Every structure is written in structure tokens, then in C-alpha cells.
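Each of the two complexes below includes chain A, the first together with chain B, the second together with chain C.
So, the complex of A and B:
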């Protein structure tokens, strides 16, 4: 099949020098730099919470949150009549945490298992969101396409003035959120570590597991929303799951997991950006596909190592 | 005025829908019914096997296959797209199994990886299509139940028939697979084959449904009706039938609402399914939230009533002692234990009535006296049992008896009395009625 695609001229022939050089020559390099910075920031935030979600076996809660924030986004717009990103983030965080609490309610008050409860809650929220978008379509400048796939390549054009010269709005936003996440991580490292690895010990030590859990969910919602316009609802889940899962193949201890995740994020973003320039494919999807390829490579290497 | 106009449109639309006069209404209703039946029935296996989110994973993972099928000969050939989707679905399922079995990554994370990476590859492939050719693929993502074609209907009905047939033929194997796959393997049943068969059926259901409701909403149709049914029954065959029925109902209701209110159909079908789920969650006889509140309320009322009767009886007993053989003749007044309000509520239940002596005097009805004596009898029998058989000190037995008196039934009380030798007095020396 790939031969046919090649023959049709859909895939440009591979040219190593062009593949490596194109994103960085002439006028492209500044743009590439911002895109790379943005995707690395998104990857760092997502990978950070993703490590904890993975340890808690809540990987698909990330998926649920990323779909559930949709009605919150629209209602935030409609109620506050504002395009301010912080309003969006607030509305979405409320919706995300609401969905998580609904999942827990469904799970606790009936004999429904967590996976079914998750499926019921997030699809309902998403359907509500789509209906709300259609209902307020003339007021809300939310593009369903953008929410699903993201537009990493366009978000960097929307710049604002900062003390360091003009910077893309989304980069500034993500910088603040990354700083916030790192601060929270530094402050609550011990609590997060213990509640994630050993819920029983956390209880015995009297740690407020419930508060930490809801806090983690809130932070996840905030990160998901902040990344949504850039990478879309589906690929943000990949950002949350894939790099931490790749790191899990190589390490056991949390500090090493976190560092490896960061390295993997940088590698995935770099590879993805080059892939996108070569094939002219959407950036976010290319970065995700590249991260998937890295996962596959690491998986194969660890697997082959077993036979040695 | 404007509201009236809207109402008039709604009613007109409802009329048009119910008479099924429009061709596309018939098609979309048929499509929704088939879709609900197929997804609902298959979803029950996923929900029972705690794999509810596999539907979500597969519905995203088939995207590269669909686009690949499209790229195969650059036309929207449904057979090529279907084959591509099934290949992608099978590869996704196998990779998921391989990841969980060869690494320490858990199944939820493996699902997440397959979902997102396959979806990303699919999105990249879409962008490789020549411009102008993307419409057919876009529809797979959002769905248009209102624009279901005769061909879609035929695909949907074929898929539903295949699902129904496989469920019938392989019911025993699927039953074992759902509840105890290890036992199945020991029996020599082809568990692996059944698992992949089920995944194949799910992929097929997803692909043919995607045209109608879109990627995200098809996973809703797999999970929600089956979850609702799982709240109502624990037997697999009932679960499948009920999930199918709920799916059909959701499909009908959703298309109706969307047609009447001029809303997108896919989300409306999901909302209808969620409504059914909410009803099941609230009113399921065994586990429902509202049912639970209601039975707790009724129980509290019952306990309160019995306690009131008991305190009236004991008060009355204190006043009259043993000399009263005809209890009914003796009247009592409202007091601080049983105020007038409670007497009125007991009166409305036919347990007490105003005495003919007049002057704010009340008496038991026959039924009321029997009920009061029954509670007091249970209380005192239990006190006696605790002090005689369980060697409780006599001053410790009351609180326990306060609780058990409401739970004991007549048969238990009779057996208890027999065991204790049909006593006449409780440990405190009060008579057992």
C-alpha cells in the first residue's frame, strides 16, 4: 500500500538532509522554535501528571477528563461572555473535576465497575458538549475540529508583548502552568509519591489522600484545557500516557521516571516537528506518532534484551 | 408568541416523525434501531468483562485502517474501508495484548497508548489525502445519522445479524469467557479464539456505526445501554436482551428528539441513552439510588411507628397493670412521650382511634393493639434470650433489643419463644404479651 501512496506522490520521497535541515532554515526557524518550545512545555506538564495517573492506574481517567471538559469550556464562554483563557481553564477544570466525581459516585453507589462508570460519564459529558457547541455556535468560536485535533501550528501566531519581546500567548500560558506544576510537585512530592505507590501507607500516615486525589484531578483538568487548543482532546491523552509509559519500560524509581519522561518528551517533539515538515502533516498528530514510534522502539529493545 | 411558534414547529415535526412519511426519517430510525441493538448487545460482554473502554480504544484505533482503505483506490469504497478498519482493529487488539503481556504496563495505559498513537497516525494519513477528498473521512469522525443511506442500512443490518448469530451460536463459550476464562481454558474451550472473535465483532459494530454517530459517540452506545442493563440484572442473557432493548429505545428516542428539536442526532441518541441509564441508576429495584432512599425512608417510618406504638403500650401498661384483660377498653391521653401529632398520624394508619369516652381520650384499634403487642413481645423475648442464653447482664439487654425488635418476624419470634420455653416474663419482670 505504501508503495502505491508513494507512487501517487502523496508521500514526498525521503531526503535525510532536507528532513533534518528544513525546519531550521530561512524564515522557518523562529516558528519551529516556538512550536518546539510549546510542544515540549505541553509534554512536560502532561508527562508530569501522566506519571502519577499511570501509577494510580488511572490512565483512562485522563481520556475521560479530556472529553469531559468540553461542556465546561462552552458554558464558561456563555456564562462569562469572555474569551479570556483563564475563564476557559476555570470552566473546564470545574467540568473535569465534576466528571471525575460523577465517575466516583456512579462507582460507589451502584455495583458498576470503574471502567463502565468512566465510559458512561465521559461520553455523556462529551455529547452534552457537542450539543452546547451547536446551540451556542454563533456566540462560541469553538471549532469542533480544533477541539479534536488541535492546531499546534497556528497557536504560535497569536502573539503578545512580554518583557522578553513578543511571545505566543499559548507559550506564555503554558510557561505559567508548567511553573505552577513544578511548584506543586516540589511542595507535595512526598504526599504524591506515597499516595500513588501505597494507598494503605498513606492512610496509616494520615495523609489527606482524598484532597490529593482531587487536587491531582484539578491539575490534570487545567493542563488538559491549556493544551487542548494546541493538541486536541485525543492527542492530549497521548501526551499524558505515552511518554510516561515509555519511561516505565526503562525505570522504576519516581525521580528517574520523571527525568526520563522529560527527555522522551523532547525527543518526541523534535522528531515530530521534523516529520511534520517533511510530510506536511498536522504537527500534534506527528508528534504523537513520533512518540508512539519511540515507545515501540524502546519496547522492542527491552524485549530483545530479555533473550540476551 | 415566539414560544408558541416554536411549540407549533415542535408539534409539526413530531407529527412528521411519528407518521414516518419522510424517507430519511424512516432510514434514520431504522439505522438508530439497528445500531442500538447491535452495540447494546455487544457492549454487555465488554461491560461484564470490565473492558468497557475497549470500545473507545477500538473506535479511535480503526481510523488509520479506514483512511488506508480509502487510500487503497482513492474512492470511498465501503468494503475497502471496512477491511482496512478491521485490520487496524485486530492489529490494535494484538498490540494491546502484547504490551500488557510482555511489559509491566497495565492494560489501561496500553489501551491509552494504542488509542492515541493509532489515532495520530490516522490523522496524519488523512492530511496526506489530496485536498477535496476528505469529506468522506470526516463523516466517520462526527457521524450523520440523518444522512444514512440504503447501503449503510444494509451494512448495519448485516453486522447486527452477524452479531446476533454469533451470540446465539457461541453463547455458552461467550458466557464462560465473560465470567471465568481460566475455567474455560481448563475445559478446553477456545478462549483466545472467542476473545478475538468478540473483538472482531466489536470492531465491525464500531465501523458500521461510526457513519451514523461518530467515533466518540459509538463508544457511548457500547457502554451506556449495557451499563444501564447491568444495574438491573445479573444474568448474562437478560443483560444482552435488556442492553439491546435499551439501545433500541435510546436510538428511537434520540432520533425523535433530534428531529423535533432540530438538534444533531448522534449526541441526542447518547443523551437519550444516558437518560435511560440515569433512570436505571435511580430506580433499579436492588441498587437504585432513589429506591435506596425510599426504602430507607419507609423503614424509618416503620421503626418510628413501631416505637410510638410501643411507648403508648408501655405507658398504658404502667397505668393499668395486670388487672386489665380487655386492653382495648382502656383509653389513654396524649402525653410527653406520644404527642397529639403522632397520635393523629397513627390514627390515619388505622392503629388508634378516638375513644367514645370523650375528653381527648384515645384507644387502640384491634390492629393497633396487635401491632403494639407484637413489638413489645419481640423486644422482651430478645431481652430474655440475651440474658439467658448469651449471659448478658439484665441492664445491658435493652439497647440491643431496641434494634432487633423491628427486624424479627413472627416465625423467628415463635421459635425464640419455643426455645426459651414459652416464658411469660422478661428479665425485668414485665409480662410478655
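So, the complex of A and C:
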């Protein structure tokens, strides 16, 4: 009995109307649309680089970068005294790539393996970031909660004028970044493919594998910091890893993997937004939970298929 | 290809020491030595994949970086993830990437070259398969096809005969001989002492330093083999010594 009461307290009764219709009724639909668009854009960027990180067995480098960008953000703000998104992105990219290079240096010049080196570098960077935030607390409008968990529901209120009417600043920012990512992917697709599959051959062919590697790390840092404000450091990692991992269960070819990732991102965002309205829970976490649920569903289906 | 006093160290420990050799064009050379003798290291250093701490390697009279398009590489099969989401065709096309340049996609001509390369290793029927579905021997043949698609004059191959079936082994050695006939130079890391003297015209016996290098008939002696394998002589190498008797 008590278990039922507990369940009732945890989960509000399921109203199809509340789950499906409420986000789209008169007052709410515009907001829902922007939130959905924003989370799809974030998911697309993260999923794109995430696929390549996974293929390079660097899934947790995404984690490392998402935490390491923090001191870059704060220092960017302190040095340039501006909250301009491009200053933040620049600072974060420097910190992110710096952390990756530190990890490689530690790995090469000590007996530490990459996992330990990654652990040392990103926790130190993150701690440094927290210290910096506290130290410059009265100047910096960054709070640790926002960095960790994001605030997807509020980022859409901050609008700017565009040729298409007022749009949330974060959506405009992410639109540019998504376009940039797609362009870079189209231009460097074959280099990304060969350096991920066989770095030795890429080097022997005289391809700039080092530049490609650092480029991917820079792009990852940029994406992470652009998404950070909305979904937070912890969930950025989920966005980078979960949709590509789900796609990997289903696809055997890279182009299909990328397309499937995009589809999964849309499904996860839709489900998550509705879930958040029904359960009245934070958006970013709901989207992540929905994506996680989709992953386990797909995994179970592929697993059961093997027994047929 | 020429090596001059080539030395490679890992953590200040030399793993290759003072290698000198000159490999004439159109030869099929076997690189032999016990585990940890530096066979793979020699190839990687020659290709510029790992830093060299002394000496230098020249190919076609120039440093490797300048002629990377003319040098093909077949890494060890285990060096890549065979679960990777690409097809056989995708992998063979990678052999063309060095010639394509930035921002260029493989064209029809590249596809035709890749198809011809696959045909040579009898793998054309598998072009659309995901590479994880292949057997070990088939994977090795895909790697060879990729090297062929590079259309080079010099090939460095790391254990192309490792753990392959008899059919693949025959196909591969046939292909290597064909390549030699057409004037290509092929350097092969090999570990089977029984087949080595029959496969290659030249041998490089390696154990941290170059024990012996030259024409197979001159190098393939019990003294050289003992010096190369030392205490690590196995049943196989004992058998090889018997084959030495047959060669002479």
C-alpha cells in the first residue's frame, strides 16, 4: 500500500491532456517551440561531435572538456569585462583545448594512463573555475548551479531582434554554431573519418591528423560552452554521448549513424519537453531522462532480436 | 629506401639501434626478428609515425614527408577497431585520401581504382559489407586492397601474414610477387621462419640492431639466425634451421 502512496506522490496521475496538449495550448506554445528548437539544436551539435568522440573512444573527453571550460569562461569575463557570448566561447575554447593538451602531455611525460590523466586535469580545471567564480563573485553573473544543471526554461526569455522577428538569443547563437558545425563536418568529413579509424595511416598519408584532432577538440569546447548555459555541464555530457550511443546500437555506417543521431535528438527533445510538463520537472534533466529511456528501449530491442 | 644509422628510443631505452640498410627498387624484402626486436618500430619510424632519435630514412632520395604519396602502409590488423561503422569500400577508398587533398570527395575514378584493388584481392563481392563481418584473412586482404589503392612505388607492410588462412596467404604472396614484377618495392614484417626464405629475395634480420641484411641466399645462415633469435629459439626456428640446410 505504502509503495502505491509513494508512487502517487512521486508521479502525478497521468493525464493524456496534460502530457500531450498542455505544452501547446495558447499561452505556452511559443515558449515550448523555442525550448524544443533550442534543445534540438544543442542535441544536433553535441550529437555530431559526440559521434566522432565515441568512435575515437574519447567519450569521456567530452566530459573532461565540459568541466574544463569553466575557468576559461570566468577568465574571459574578468579579462575582457564582458558577457558577450563570443568572448565566453573564446575563453572556453582556450581552456578546453588547454585541458586536452594537458591530458596528452601528462599521458606522454608520466606513467599515467589517459583515464587517470583525464581525471587529474578536468577536476583541477573545474575546481579552479569554481574558485574563480567565488573569487570574482560580485563581478561574475555565473553561478555554479547554472553551470552544473543549466536553465533551459529561462534561456528562451532573453530575446533579440532578427530579420525574422524577435528570437531568443540562445537560439540564434546555437543556430550559428549548428550551421558552423555542419559546414566543418562537410568540409572535413573524410579527414575526420580516416583519423578516427586509422590514425597511423592518416599520418603516413601526410594528412594533418594533429590539426584535425585539435580542431575537433576546439569545436567540442565551443559547443559545450554554448550549450552549458542551457543544459549544464553534466547534461552536456549526456547530450554528447547518449544519442550517438543509441544510434550506434542500430547503425553500421557512419552517414546513417549521423542521421539516426539527429532523429533520436528530436525524439528525445519532444518526449523530454512533454515529460517535463507532466511531471513538472527541470527541462534539461527531463530531456536527458527521455533520451536515456530511449537508449535502454533500443538496447532491449536489439538484445531481444539476437535471440530470435 | 635507405636507412642511415637509424635509432629509436622509448623512454631513453633504445628499441632500434644504428640500423643501416639500402633497399633497391623492385625488391621484396622480409624483416625478421624475435618479439620486441623492433620490426614494427622500424616501419613506423620510416613512415614518420614515431619520432626518431638519431639517423635518418630516405625514400627515393628524399625524406619521407616529401614523398608520402609514393609510400603505402599496411598496419597490423589489430591496430584498428574492426567494429568501426564503415564498409569495405569506405576503407579501401581511404587509400585514396592522400591524393585527394583537402575538401575533396572521392570521385568516380577513385571508386574504380578501389574496385580494381578489391578485385585483385578477390574481395569485390564484399564491397558493401560492414568490416566487422569479415574474417581475419578477409580483413587483411581489405588492408592490402587499401594499400594497392594508394598506387605507390614502395610499400611497408606490418605482418600481413599474421593469423590468416592458407588461401589468403597464397593470395597475398602471389600479389606481392606480382607487385615486385611490376617494379614496386615491398618491405614485409614477417614471423614465419619456414616460409621466409622462399618468399623474399632479401632479408633484414633484426634484434634491436641489424644482425644481417642482404640477399636471402647470403643472409640465411645458422649463425645469423642464432644471433638474431639467441636464446629465444623455438621449435619453429629449429625447423627453420633445417630449412637453411635445404637452401644451401
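Couple of notes before you dig in:
We adopt the following convention: the second predicted complex is superposed on the first by the 298 of 308 C-alpha atoms of A that agree within 3 Å, B and C clash if a C-alpha of one lies under 4 Å from a C-alpha of the other, contacts with A are read in each partner's own complex, and residues count from 1 in each chain.
Everything below uses one rule, namely that a contact is a pair of C-beta atoms (placed from the backbone, for glycine too) under 8 Å apart; a residue touches a chain by one contact, two chains touch by 3 or more.
Nothing here was measured: the structure is a model prediction, and the numbers come from that model.
Looking at the shared chain after the overlay, A:297 reaches neither chain B nor chain C. The partner that reaches more residues of chain A, of the two candidates chain B and chain C, is B. Contacts of A:198 after superposition: chain C is touched, whereas chain B is not reached.
By the touch criterion stated above, A:79 is placed in contact with neither chain B nor chain C.
Legend: residue contacts after superposition of the two complexes on their common chain; A:160 is shown touching neither chain B nor chain C. In the superposition on chain A, A:101 makes contact with neither chain B nor chain C. In the superposed model, A:248 lies in contact with both chain B and chain C.
Applying the stated contact rule after C-alpha superposition, one finds that A:183 touches neither chain B nor chain C. In the superposition on chain A, contact of A:20 is made with neither chain B nor chain C. Residues 57, 248 of chain A lie in contact with chain B in one complex and with chain C in the other.
Residue ranges of chain B in contact with chain A, taken from their complex: 47, 50-53, 55-56, 60, 68, 71-72, 74, 99, 102-106, 108-113, 115-117, 119-121, 123-124, 127-130, 141-142, 216-217, 219-220, 222-224, 226-227, 230-231, 263-264, 266-268, 270-271, 274, 277, 281, 284, 287-289.
On the chain A side of its complex with chain C, the touching residues are 55, 57, 187-191, 193-194, 196-198, 200-207, 248, 251-254, 256-257.
On the side of chain A, the complex with chain B involves touching residues 1, 4-5, 8, 10-11, 54, 57-60, 62-63, 67, 106, 109-113, 115-120, 123-124, 126-128, 130-131, 134-135, 144, 148-149, 234-235, 237-238, 240-242, 245, 248-249, 279-282, 284-289, 291-292, 295, 299, 302-303. Taken together, the chain C residues at the contact with chain A in this complex read 44, 47-49, 65, 68-69, 71, 73, 75, 79-81, 84-87, 90-91, 94, 97-98, 100, 102-103, 105-106, 130, 132, 146, 150.
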